[in-house]
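Order of writing sets the labels: A, B, C, D, E and F. Residues in every chain begin at 1.
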Amino acid sequence: MKYKKLEENIPYDGSPIEPFWAFKEHKLKGSSIVSWIGPMDIKPEELIDYEDVGLEIKSDKMVHFIIEHFDVQPADIKTCYHRQRLFVMIVKDALGELGIKTSRKGDDLYFNNKKLSVSIATCSNSSMKIHFGMNVVDKGTPEDIETIGLLECKNDLDNENISALIDNICESYINEIESIEEDITKTKVF
Amino acid sequence: MKYKKLEENIPYDGSPIEPFWAFKEHKLKGSSIVSWIGPMDIKPEELIDYEDVGLEIKSDKMVHFIIEHFDVQPADIKTCYHRQRLFVMIVKDALGELGIKTSRKGDDLYFNNKKLSVSIATCSNSSMKIHFGMNVVDKGTPEDIETIGLLECKNDLDNENISALIDNICESYINEIESIEEDITKTKVF
Amino acid sequence: MKYKKLEENIPYDGSPIEPFWAFKEHKLKGSSIVSWIGPMDIKPEELIDYEDVGLEIKSDKMVHFIIEHFDVQPADIKTCYHRQRLFVMIVKDALGELGIKTSRKGDDLYFNNKKLSVSIATCSNSSMKIHFGMNVVDKGTPEDIETIGLLECKNDLDNENISALIDNICESYINEIESIEEDITKTKVF
Amino acid sequence: MKYKKLEENIPYDGSPIEPFWAFKEHKLKGSSIVSWIGPMDIKPEELIDYEDVGLEIKSDKMVHFIIEHFDVQPADIKTCYHRQRLFVMIVKDALGELGIKTSRKGDDLYFNNKKLSVSIATCSNSSMKIHFGMNVVDKGTPEDIETIGLLECKNDLDNENISALIDNICESYINEIESIEEDITKTKVF
Amino acid sequence: MKYKKLEENIPYDGSPIEPFWAFKEHKLKGSSIVSWIGPMDIKPEELIDYEDVGLEIKSDKMVHFIIEHFDVQPADIKTCYHRQRLFVMIVKDALGELGIKTSRKGDDLYFNNKKLSVSIATCSNSSMKIHFGMNVVDKGTPEDIETIGLLECKNDLDNENISALIDNICESYINEIESIEEDITKTKVF
Amino acid sequence: MKYKKLEENIPYDGSPIEPFWAFKEHKLKGSSIVSWIGPMDIKPEELIDYEDVGLEIKSDKMVHFIIEHFDVQPADIKTCYHRQRLFVMIVKDALGELGIKTSRKGDDLYFNNKKLSVSIATCSNSSMKIHFGMNVVDKGTPEDIETIGLLECKNDLDNENISALIDNICESYINEIESIEEDITKTKVF
């Protein structure tokens, strides 16, 4: 599984959730996790969550993660949501290590009951996709919901801290998936 | 998914990891999580982890959790290990809420670099099984490995605290699996 | 699995066979069966059966059933057709209990060699869909095929009888799927 | 799918439910349905239904059907139970055509609230197996349950009628499975 | 699995790789292999290989094979690529029998390091599709790549030889798939 | 996928076809191919092919290959037989490069209509296994079948040639499986 960090300020319009985005846009072949910092404003036609139809999903500055897996064929949304939960829990743990104690409800992270993140999972027949976005600052987010950004959670975070956080999260996730694969190869089944 | 707490002091010899144990021994039909407190001494023929062959896996007092899932057909070990990881992370979170800060490596929890837990996952063609055991006290564990028990992590824990911890873990896990099922039903796929 | 009966006279244009229709149109989340009485006139672009291309599929008054299942991931058309057959057989039995003796050929029901019903099954990666429609009266059906309606099969059927028939069918189907799930949990596999 | 009718009086001890029985005992390769008339007395170690443990499953004269499917890989118990239900419904219909009106509860057929049949489904990783047995006469059945045989349902049935019934059931089932396969090849999916 | 040879000179524009093409265009129901000789010029919107985007895929005269399989449900791209490889190896063997010694790299055949063939595999949820095209003459192929045709490999090939080659390839492939199915039914699994 | 060549003269008694043999006997974790030269005499209880029951499967000196795959979960015998065929075709090609022109029938290779090899595939729920054995010399093989060994096919083969042949086969197979995985990640699906 490959990990690539993009330059800053690429806006997230929802299209990176489409299958093969990493290959078509960034020449990344195979399972991958791509991360970058940029604004988010999801185009209505890119909405994946039918409950979000009609809602604004936006933020001025977020850390974005786009994951694509090709190891399960055919891909299925159920396995994908399991991995999404693993990812969110890994983010929660990584934040905890920085002293940012969040609570989790499904695939959302909250700090002091304020929403810190958004996430969705989807799939095609041949790959599973996950997007996870976390506000860096609480700006440009929808007005009808209380939100917060990393910098409001812990105001001494600098760019380097955030960059290290991103690396930590991505590496932990890649290791997790690999460790699951490895466990399979030593386990008796009935 | 059903949750049942057994009376104390049933020894864990490895046999509960076998498919249909919950139904055959405790009349629990369908997906379930069973928990109890008791010693552990796994019989060699019940070993599931081929890396554990020849090792002693034992402890005088543990909290045991046995999970069985019938919702994925055919059952597969890969999905099962994803769920095991979710379970271990939920335990880690629940311990964190009690002020017990553990670290996780795969499916093992550590406190101050001492091993607090054991876990395995397996499956048959029709069900997925997970065992997770956590030392209550650091007694009767293998000598060649540094271990610790919940009471050594936090010495003011009483029976009631541990009972509440068990309930919290089981309910969180059941909710997690249900929330994944629900997310599937609102997600566009490609 | 949820069951919802809609008010009368919603026309069936083929669009309810699309995945997530029950959620998008009727806020029904998860596996469901929706039923109502209304006319049918399938738009060519909504045709699912490639053998029907170019044919008129229409009727002035039908009982419609739309089923969606999310329990098998990834969803597959083979399982879906097995369920469709179970559904049609349940309808046949329910009609038999009213004294309407039909014969079945694949997914079609006939009374005195006249076609009483239409049905199709399809799926996306994440859900299985079934439509079953049964003429209430023999009006507005294609001219090139001999058709019949429930009221021509048994002329003393009133609205209440038909409403009870619909409930009976839906409940029987839901029970059937649940009983299959339950049987899995008590069955030894090799 | 092959159909073979065995000579009479082979006792059913439960072993035919094991995978590859048709090939090992009767040189039938591939998916098949085997039928014969004989007594039943299931050896405890051949019990498949965990709810039957400790019960007597026996009858002096039954029509037996053993089905094995290799078309779904890996085989799964869920698909197998769907097919079992289709089979039982086909039996019910075939009996109805002879004027024997039964009621069905899951995989059991009843006549006047008396149990006419037994059935189980199971699978290995590579094949699905179904047994269905129907009393010919109400003799030698367990005492703690009210049973009935075909000859008590309709006393003018002769050997020829029963033989034709068996052929009818087997051919209908084979046709059903083939018609499902065929429907797949003409159906648009999303 | 059905085999149909079409009349000559139907151009290949990429659309035959779409699911259900054999049924919609040639009334072939079920798994099939269709073959014909004709030019190729793939329309950009019909490109399946994301690495080919922007490239010309064309040739004046090719032998085309279009395969569709419905036996695996849900269909998956991984199984499909295994079958594509089997097909290409069968072509290689059949050419070898004619004295045309090619080398293979993935799904491409080369003669004297010149590209003889193109191939792609894809799938929908319900069927697997494979296209394999082999130049008959080295005309009209892209300029940036060294290509060759069957007639340049062996200049005494006439239409009859090529027709026999096509039959040989298609029959060998159909036999191969059938022999795999048959092997399953005689193999013990664990 | 790992490749390990064992020292010579380990007898093949059938047990290496069992799942996890590579890990339990040779500490090879994960998907692997193991090769060695040694005699073969399969114990009756290790027979995998039900058609071989009662037959002698033996040879004094063979090249053995044991493959195990963990990448498909749950493992299935159908995928496994596809890979077995790919493997046999790769062997056939590698022999051809040495000037040994064989013919293939299913999973058997023949030279001048004499049987050169044996092969079987099987699986458990979590891994796929393949054995392929090829006579080095035509000694100790069953009397009721005409067999041949590599040295009879080409009498100037020395140990080094055979060792290089083994390496070539194993590397080609590993590359093939990897190239299939890679192709998946660049292919549009419907």
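Just so we're on the same page, contacts are C-beta pairs under 8 Å (C-beta built on N, C-alpha and C of every residue); 3 or more make two chains touch, one makes a residue touch a chain.
All values reported here derive from a predicted model rather than from experimental measurement.
Engineer: Copies chain D and chain E touch; is their interface built from the same residue numbers (over half shared) or different ones?
Structural biologist: same
Engineer: If you match contact pairs by residue number, which of C-E, A-B or A-F shares over half of them with B-F?
Structural biologist: Most of the B-F contacts reappear at C-E.
Engineer: Can you check how far apart chain A and chain D are, centre to centre, with Cα atoms defining each centre and the answer in Å?
Structural biologist: 51
Engineer: What whole-Å value do you get for the distance between chain C and chain D if each is reduced to the mean of its CA atoms?
Structural biologist: 27
Engineer: For chain B and chain C, let me know how many angstrom lie between their CA-based centres, rounded off.
Structural biologist: 43
Engineer: Using the touch rule from the top of the page, what residues of chain D touch 2 or more other chains?
Structural biologist: In chain D, residues 20, 23, 50, 72-74, 77-79, 123-126, 184, 186-190 touch at least two other chains, as defined above.
Engineer: Would you mind giving me the full set of chain pairs in touch?
Structural biologist: A-B, A-C, A-E, A-F, B-C, B-D, B-F, C-D, C-E, D-E, D-F, E-F
Engineer: Quick one: which bits of chain D touch chain B in the complex? Just the residue numbers, please.
Structural biologist: By the definition above, chain D touches chain B via 50, 53, 74-79, 123-125.
Engineer: Using the touch definition up top, name the residues of chain C that touch chain A in the complex.
Structural biologist: Listed in rising order, the residues are 20, 23-24, 73-74, 125-126.
Engineer: For chain D, which residues are in contact with chain E within the complex?
Structural biologist: My answer: residues 20, 23, 29-31, 70-73, 124-127, 181-182, 184-190.
Engineer: Which residues of chain B touch chain A in the complex?
Structural biologist: Against chain A, the touching part of chain B is residues 18-19, 47-51, 72, 77-79, 81-83, 85-86, 89, 92-93, 96, 104, 106-107, 120-124, 176, 179-180, 183-184, 186-190.
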